[in-house]
Structure formats: structure tokens, C-alpha cells
Amino acid sequence: MSKTIFTLKERPHVPLETEVLSPDVIASLKHAEVEALPVFLGKRQYRLADFFAIEGDGSEELEIHGDVGRVKWIGRAMTRGRITIHGDAGMHLGAHMKGGTIEVQGNASDWIGAEMKGGLIRVAGSAGGQVGAAYRGSTSGMSGGTILVGGSAGLELGMRMRRGTIVVQGVVRDFAGLQMKGGTIVLLSGAEVRTGAWMVRGTIVSFTPLRLLPTFSYACTCNPIFLRLYARHLQTLGVSFPSAPEAGFYRRYTGDGAVPGKGEILIWHPQQ
Amino acid sequence: MELTIVKNATCTFCGCVCDDIELHADGERITHTKAACVLGTSWFKNHTAERLYPDALIDGQPASVEDAIQAAADHLYQADMPLVYGLSNVTCETQREAVALAELIGGVIDSHTSL
Amino acid sequence: MGGKVSCTLGEVKNRADLIIYWGGNPAECHPRHFTKYTLTQKGRYIPNGRKDRTMVLVDIRETPSAKAADIFLQVRPAKDFEVITVLRALIKGHAVDPELAAETGLSMEQLQDLADRMKKARFGVLFFGMGLSMTRGKHMNSAALLTLAAELNAYTKFVAMPMRGHGNVTGGDVIMRWTTGYPFGVSLSRGYPRFNPGEFSTIDLLIRGDCDAALILGADPGATMPQPAIDHLARIPTIVLDPKVTHTSRLARVHFTTAATGISAPGTVYRMDEIPLPLRPALKSPYPTDEEIVHRIYQAVAAKPPLPPAVMLSQATM
Amino acid sequence: MLRITGGKVYDPANGINGEIREICICDGRIVPEVEGGRTIDATGMVIFPGGVDVHTHVAGAALNFARAMIPEDHRRNQPFVRTQVRRGGIGGATPTTYVTGYLYAGLGYTTVNEAAVPVLSARHTHEELRDTPIVDKACCVLMANNEILLDLLEAGEKEKAQHVAAWNIWSAKAYGVKAVNPGGITAWKWGKDAKSLNDPIPGYKTITPRQIIKGLADIVDSLGLPHPLHLHCNNLGAPGNCTTTLETMKLLEGNRAHLAHLQYHAYGGDDWFTMRSEAARIAEEFNANPNLTTDAGAVLFGNTVTITADGPWQHLLYKLTGHKWGNLDVENETGCGVVPYTYKEKNLVNAVQWAVGLELLLLIKDPWRIFLTTDHPNGAAFWRYPEIIHLLMNADFRREQLKRLAPKALKRIYLPELNREYTLYEIAIITSAGPARALGLPHKGHLGVGADADVAIYNESKDIPHMFAYPRYVIKAGEVVIEEGEIRKTVEGKGILVQPSYDQKVESYIRPLFQQYYTMSFDNYPVEMERIEHPDLRPCKQPRA
């Protein structure tokens, strides 16, 4: 299968906006057309080739090399194909995306997968704030798809998310699942404070004890079947967590009573 | 110096923006305030009509306003991502001009509110 | 989704029987707030002034404002969000974990008492200061208080208002809203306004080094901002307009001395409740106004070759 | 100098119905003839007087408050990119000021009336209007919950009330008087409402909404204001509110009045489940009351934001939708509520609302008395007017649209039975000639000699929405501002206002009360005349003694 390879020539001195780095835009273009695509360095418009050495014609598979930590909007609203970033990725990576896959081998900045509807984003390193979140004022954050973060993640993870899955291996900062309306957040190393604040519905699973808001109430202990199915599904994506009935159980809390909401937070207790 | 008295003056020191202040001025400085609080009084008395500073500085050296305007325009025009920041202790009329300028130079505009 | 429920200060003067200050110290920072607008004034429906009102102060330490308060509630640092969230649950009669609630520094009795007072007030107001909006949780703390006020309207009349500092900072919000649609943190780099606090807010931009020139007016970030932000301002061409040579002027490439707002420069400013007021300067400045300098810079830039018009690739990129 | 030749002219004020006529323009006005200058060949085109919006919310504290509340709407709509001739900005439900001017001009509208201005923040409204290019701007000052005025009306001091009202109009540099939910906003300051015309309003001893309405209508007539009392009736949006509206119409016999956004006041039923259209009853009564004019306040499906001084209604809407809610009470004068809203075809209530707006436009016989509005942005953004024109001009299209409604809705509305189709002549009346006349602007809304040279020229087309959304030319005060859908020039509009006469001594009556109730200095309250750019001071008729 053909690939289009982009190598950043030099880290831009201010952010570069490249929503054209998406398989939907690039797939059907010839090499020269790809080179001529418009990008924005602050207020000035340039050609994509001014910043990237480009190999190959356009394709559904984009491989990006170099430190694109200051390159914004890669994979915006993409519906298909694959983007692999060999380095760090900038803000709004895969925002509004509907399908396809984005892989980041380094860290990612803020707003990855914001308001996404489908597809998969996998970040090997850490992610910034507002992963899968709603942009300011929007009623819903991500409404489908999967975001997997290998390291830690920042503030307001999954803010107002409606559907979809976010899994974070490392510790997540404050307000994970803020005003969540649905979907699932899996926290393998827990989170700082205010997890699930003002959540209405949805599920947050944590494998590390959490300090909960006083407005969550303890409901029961359980080991729901859906989580075991979920674990099996996530395993196909390379994520594993304990789930067998003999391995332990979850303490289930509901809230946020302040809203009032019917969300659930499940905290894993391994069997001694 | 002739004494001027201004009634219903507006104090812009804090967000209360009291507009019932009486100011007595001798042309060079405000000598007396009525109704202002301690913060307002020191604010009014802290500014004068004297020429205490150069009109403009370029790289730390006194310069004419016209030269400084050109220098500022060059910097802002050349920049790819200029920032216009502050907007607190200036008038609304200035703020309107600042937005127009930010638009012209393709910049970011932001105020104390974002802090 | 909550909202923003507010009023002009005269409504507080005329009607408020419960006044709550949260994370603010008006006695020292807004000295005439009590006497001109809120606490001690007699109002149309508050014939006895101070006697007809209850004042509550919520803060992490006992400031001089506490002397004015009937009730002082000391919250543990960085626990405001938890307190407000508990209050939201209590006003609706929902259960709260007393042990976790106690971690806020307030007892259940105190919290329940405040919730009851808020519901029973005839007209309640929540003023919130930087002690709330600049601590852990930041904009969510303000959002929490605004939501609490909005929800209280299911039981009685309640409003909330930020205690804005810094002269005309409110005017900045107001004018940016009508010219750009957003109150602050707006990027115009693509030829139309985009809003994203955290991305286009000044401290974030400066600390990330994401801007390459700065025009500073009506502020002295060189004296107040975190060092990495100041360092970036010193690295890039910075232009300052100020009635004095400030900390920021000293690290700037270009400084303009301008007439002082309201003292020697005329115009309009907005009060914290978004009421516009005219200025009546008492002095004539030897310096031009900020307005004039900004306008002249505008003209000087406009005289240069225009940038090609921005291309709209799809709909707004945000 | 400009000559427009070969176009079909629709100038209802002068009885011209689609005749090919030449229009000549000099110094911003229509003149009998010109020598030289540019000629526009308008062959195959339709010429209208520039549009006049009798009721819209485009500037001021309330709208500006709403702007900050809906960033999601700003992102959803096409933004305006800066060019050499125009500013950048935001479109959507609450466009930025510059874009508001561009969008209105882009429809062929050249005059707008901002319908709700508190005196306390009138300075703000005028600052925004100054940043709203191209169109001429009038505004109405809010009066029906002004407590100093209510006290006088309660005390029966009509004459003094008249002087206070006139002083307020001049202080706000306004053109007309607006009454919103008379007494209801004052009640809202205690979390209550004024639902019946005859009950004393909370906080007062005896005064009722009825007395406020009658009192203000008398004052406006006595002052000889060019525009009658601009009234937003009590009980807006509530099922069964047609009773209140009918009562209000009766009450206004003997006065002139303009009933704003009648659509929101023409509902039957007892609750949200039984709500139905009462457009037929309302239209019948309205047809019989030639002293009244109205505007549609039509609703279109889609996203918008509702903004009204009617605080209690907005709180109810917030509770019904669970959406965001903004509220801003203005001391002693008024309030405002903001709730983002989506009108949906499958929602029974919304379907009825959509139908009622069209029904009123079709059932009210005299197009000179009902005007096209959406109560922007409440029913829909103004830039969607061409969609309503389409619905009015094409009954088949209307029937098609009915299929999109919740089927139950069809039993609650009259629209399926209505076959009337508007002509271009009638469209010119409801979008220009009629509102200009109702506003009392003799130099607007027509193309006769001496009129302001505000002209909209459309390509004649069967594609009605396209034709009206993209005028071929728009001329404002003699300048071609739009050509082929592009802004060519951004001229500044005028500020239209009146100076009604009042006894200067009234200031000494107001001053102590003001110092007692307000929080700013009395001397800083009135808007300075210098703040009105290009003022157009209109005369009042001789006051009735």
C-alpha cells in the first residue's frame, strides 16, 4: 500500500496550522498538488512543501516525521485512512474526526480528539488537556471513537463526552469526565481530584483509588459483565486490565448528586 | 495655575468605577479629591500633567512618536503571530482601536480576563 | 447547563437581603463596594439598610472584610469547587457524604445553614473574587458559582457577579464581544475570530513561546506575570503604551508615553456590572492618548502592502 | 449621481406595481432626473425600496451578553473573513456588529429598529450601533417596568409621567418607546411574573399591567412620537395567551400601538400538551382594529438564541430546555434573559409556533399593518428572511413543508387551509413600505422624489429564496454598497432619534429619586448627543395638550 511521507524541515517559530494533513484531503492528490496545499504560519499562508519534505503522491496513509508539537489540526475531521506521527503532535490532533486511525509515537498536546465522532487515536506518550472534550460552549464532547493514551493526561479529560471510550495508562489531572453525558473513561492509574464532577451519565472506571467528590454516593460492590466484555474488546487494542471475577470487584458510586446525575464511578478492589 | 473643579468624575482604579468623584486640579496635578476611597485618591494623585518621561523610547533610547509608530508598525507587520494584550486601564475607544489593529495585523487579542 | 445570572449593582442596593462575598476582599480591594453599592446602603426595598441584610464572607483566610460580615466561613485552600458542588446538592435535598464534605473545612451544619439561608433569601447575590477564580479549578470555580446562582432561582431570586478589578477590564470584554463575538482570548490570524482559552490566552501563549511580537496596553505584565512569560516578552519585539515607563517598558523595544485614562484622557469605561460611564479628565496631558497611538499604528500598518486575503478551507477550523 | 434604468419598480407607497421606471439619485436622495454619472442597467431586475426592519435586536447589553454565551453557535456558522473593504467577524444567531451591517445590507435592508434599550445602558447600545455599518438605526427605549415611571402612573400623575418619559427618551437618545411585559419584569425582580392585565403587580399596591399599557400608550400619543407605543404584550409564549392579547387589543382602542412579534402571543390551549394556534381569532380582532400595526415574529426551524427583556419567560424556557441560561436585571428599569434554543419540526410546540407566524402573515388582510420579522434572533436570525418570503409567496412549497411537521401538529394549526400567496408588491410592503410608515419615517420605504436613496435591486427569478438572499445591487444613501453579492463599500449609517418636548423642571423631580434608587451619578446618566454619529433628528407632532 502506498504511503505519503512528510518530514518537517524545521520546528516553526510559532504554531503552524495544517488541517490539510488529513487522508481525506490528500488521498487523491498528485505529489505536486500535495506540496501546494495551503498551511498557515500565524497570519501568513504558505505551501505545505515550505515546511515539509514530501515523498510520494497523496494516499490514505500519512507518515509524519519530525517534531510536529507546534503543528495544529493534523487529521482534523478525517473519516478514513491512517496518520502515523513519529514524534510529538500539536494541538487539536484528530479534532472532529469521524473515522480512520491516528498514531502518535511521542506526546500529544491539548484538545486531541475534541468533539470526535469516530475512529481511533493512540498516543504512546502523554496527552495534554481536554482529551476528547467539548470546545468551549458546546453541549457535547466526543460522541464516538476511541482514544488511548499511554502516558498521563491533562485537565478536563472527556469533558461533556457523550459516547466513545478513553483509556489512560498514567495519572490523569483534575476534572476527568467533567459534565460527562455518556461513554466510558478507563483510568489505569487513577486521577487527581474532581473526577466525574457534575457528570450526568456515563461510566468512569479506575484501577487506582480515587478521592471522590462528597456528592457521589456509594451504591454497591459488583463486577459487571459488560466490563469483562469491554476488557476483552480493549485487549484487541493492546490495553489490558484485571477483570476476572476472582481477581477482584468494583465499588460502585453514583453521582454527581449536585446535578443531580446518574453517572457511575467504578473503583477496582483487587481480591487479597 | 488656575484651579479647575470636575464633578462626577469617574475613577478607573478598580472595577467599582465610582463616578461620583470630585476632582480639584491646578493644571499640573490633582490636588484634592472628594468621595474617592484611599485607592482612588492615590490613583488620582499619582498622575500629573508634567512631562516626566520621554514621548517614546526605541530600544531604550528616547525617540519621536512618529519614529516609534513606524518601529511598532514594522514589528507588528513583520510578525507572524503578534499578540495584543492588556486592555484594562484604557478607554473603550482605545479597545475598539486595538481590536481593529489586532485584526489588521492578524494577531491574538486578549485581556486580563484570561488570567 | 447552568448559565450566568446577574444584574446591575443597583438591584443589589435596592433588593438584596443576602449578600455573599466569595474569595474576595472588598474592604481592601474594592473599598466602596460595601458603602456605595451593597451592604450599608438603604435601598428601595431595603428601608433599614445594613440591618435588613445578612452578609456572608467565604474565604480561605480571615481578611479585613470579615469584620463587615455576619457570618464568616473559612474554606480550606483549593476546596471552593467542592463546597459549591455540595451546596448545589444540598439546595436540591440530595445526599452528601459528610466525611468528604468535612474535608472542605466547613461542617455539615455550616453548609446546610448556608444552603437554607440562600433558599430563604428574598433576593440573594454571590460576588466572587480572584480568590475563587485564580485558585485550583480556575474557570470551573467561577462556573460552579454561576451555576449555583442560576439553580437557586428555582426557589428564590438569586444572582452572581464577578468582582472585576483593574479599571476597564470589563470594557475589554464588552467590546471584544461586539467586535469579535468572544470576550477574550481571540485569534484573528485567519482573518476571522477564533476563541479558545488555554490556546489563545496570553500566559499560555507566552509560556509556550507561541507569539513573535507583542503590543501591551493598559497592563504591566512585566511586573505581574510568571517569569517564563516575562522572559518571552523580553525575547520578542514588545511594544508598550503606558502613562509611565513600566517594568514592561524596560524590556520592550518600543515604549509610548500616553495620557492617563480618566485623568487626562477622555472616553468611556465599563463598571463591573457592564454599565458604561463617561470619563471626565481633570488634566491636559502633554502626551497623546492610547487611542491616538493605536490608531496611528493602525494607519502605519495599513499603509504597508496588504497580506493576501486569508483562504477559507472549510468552515471555521474550530 | 446614479441612474437605474430598465428595472421593474415595486414602490407601494407611491402605488407603483412592477412598472418599468427610471430611478435617479443625487446626493443620497431620489431626484426627478440626473445628468451624467453612473447608469445601472436593471433590465430583468426587480427594484424595491431598501428594506426596513421594524423590530430586531442587533445591539446593546442583552444581545452582547448573548454573544458571549454561545461560542458554539459562532463556530457552527460561516464566519466573515476580513478583506480590504470589510472587517472580519462572526455570523450566526448573534452576528458581530460589523457583520450585522453587512448581512442586513446583503439582504437589501437599509434601516433597522433596535427594539429594546434600557436608558441605563443606552450609551452601550449607541456604541454598538456606531460600529454597525451601512444601515440607518433607530432604537426604542424600555419603559414599562421603569419604577420611577410606574410610581407616577400608580399615583395617577399622568402629566408628570409624560415629562419623565420624554426626558428618558431624550436621555437614551431613542426614537420610540418600548413596553415589554408591562409590570412583569418588575415582578421578576422578586422571581414572579405579571400574568393578568388586571392584577396589581408584585411590589406595588394598585398598579396593574392594564394601567401601565394604557398610560404609556397615552403618553406616546400625547408626545406625538412618530412611532406608536411598541408593545411586547404580557404572557409571551404561554399556551392560552391569546386571551391576554385580545384583551390588550381592546384596551388599546383609541390609541395607536405596534404589537411586537404577534406570533408569540397567539396561542390557545391550556398547557404545552394542548397548545394550539389561535391565529384566526387574533387576526380577526386585529383586522378590526385599524389603530394597530404588528410584526410577525415568525419562527424558522433550526438553532438560534432567544433574547428578551421578558425575564420570567426566559427562566421558564431554561427550566423547560435545561439549556444554558443568562439573566441580567437592570436596576429600576428592566431585565433581560438569554436562552439558546433549537426549533424542531417534530416538536409539537415548535411546529405550532412556525405555523402561527405564517398564519398571521396570511390571515391579516392589510399588508400595511403586518411586517416581516423574526424578532431576530428569537424566532430565527434575520438573514433567514428570504426563507419566509418563499413560504409566503408559494402555497405549494408551504404544503410541502407541512409534511415535515409532527403529524399531530396539523390538527392544531390553520396553515393547511390557507391558499393566499403574497405578490412581489405585497412583499415590498411588508419588508419596506409598511414598516417605514409604521415607524413614521416619511423618507424611508419608498422611491418617490425626496426619499432617501436606499434601493435594493434583485435579479427577477423563480428561485425566490436565492433572489432575495443575493440582491444584484444594494444602494444606501446613493452609494452602491453591494454588487453581485459582494460588499463594495461600507458607508456609515445614521442614528435616527427624536427630542420630545418636556418641562425642564422635571429633572429636579427625577434627580433625588435617581440618587436614591440608582448607583451612578445622575449627570452621567443621559447619553451625550456627540455619541450619535450622523444623527437624524426626526420631528414629533405637536403634543396634544
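Note that the chains take the letters A, B, C and D in the order they are written out, and that residue 1 is the start of every chain.
We adopt the following convention: contacts are C-beta pairs under 8 Å (C-beta built on N, C-alpha and C of every residue); 3 or more make two chains touch, one makes a residue touch a chain.
Worth saying up front: this structure is predicted, and the values here are computed from it rather than measured.
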For this session: Averaging the CA atoms per chain, pick out the one whose centre lands closest to the mean of every protein CA shown.
Result: C
Problem set entry | Interface with more contacting C-beta pairs, comparing B-C to B-D | B-C
For this session: Measure off the straight-line distance from the CA centroid of chain B to the CA centroid of chain C, and report it in whole Å.
Result: 19
Exercise. Distance-wise, how many Å sit between the C-alpha centres of chain B and chain D, to the nearest whole number?
Worked result: 39
For this session: For chain C and chain D, let me know how many angstrom lie between their CA-based centres, rounded off.
Result: 33
Seminar exercise, completed: Expressed in whole Å, how far the mean CA point of chain A lies from that of chain B is 44
Exercise. Which positions in chain C touch two or more other chains at once?
Worked result: 1, 36-37, 173-174, 179-180, 183, 188-191, 195, 197, 210-212, 268, 270-271, 275-278, 307, 310, 318
Problem set entry | Of all residues in chain B, the ones touching two or more other chains | 7-8, 10, 19-20, 79-82, 92, 96, 100, 103-107
For this session: Could you check chain A for residues that touch two or more other chains and list them?
Result: 13-15, 42-44, 135-136, 139
Seminar exercise, completed: Per the touch rule, the chain A residues reaching chain C in their complex are 13-15, 17, 19-20, 38, 40, 42-45, 70, 73, 76-77, 91-92, 110-111, 129-130, 135-136, 139, 174-175, 178-179, 193-194, 197-198, 212-217, 256-260
For this session: Using the touch definition up top, name the residues of chain A that touch chain D in the complex.
Result: 135-139
Exercise. Which residues of chain B touch chain C in the complex?
Worked result: 4, 6-20, 23-25, 27-30, 37-40, 44, 47-60, 65, 68-73, 75-115
Exercise. So in the complex, which bits of chain C are touching chain B?
Worked result: 29-33, 36-37, 134, 163-176, 179-180, 183-191, 197, 200-203, 205-206, 210-219, 221, 236-237, 239, 241, 243-245, 249-250, 252-257, 260-272, 275-291, 293-298, 300-304, 307, 310
Problem set entry | chain C partner contacts - residues on chain D that touch it in the complex | 59, 61, 64-65, 67-69, 71, 74-75, 78-84, 87-90, 94-98, 120-121, 123-124, 127-128, 131, 147, 189-191, 203, 315, 318-319, 322-332, 335, 338, 516-520, 524, 528
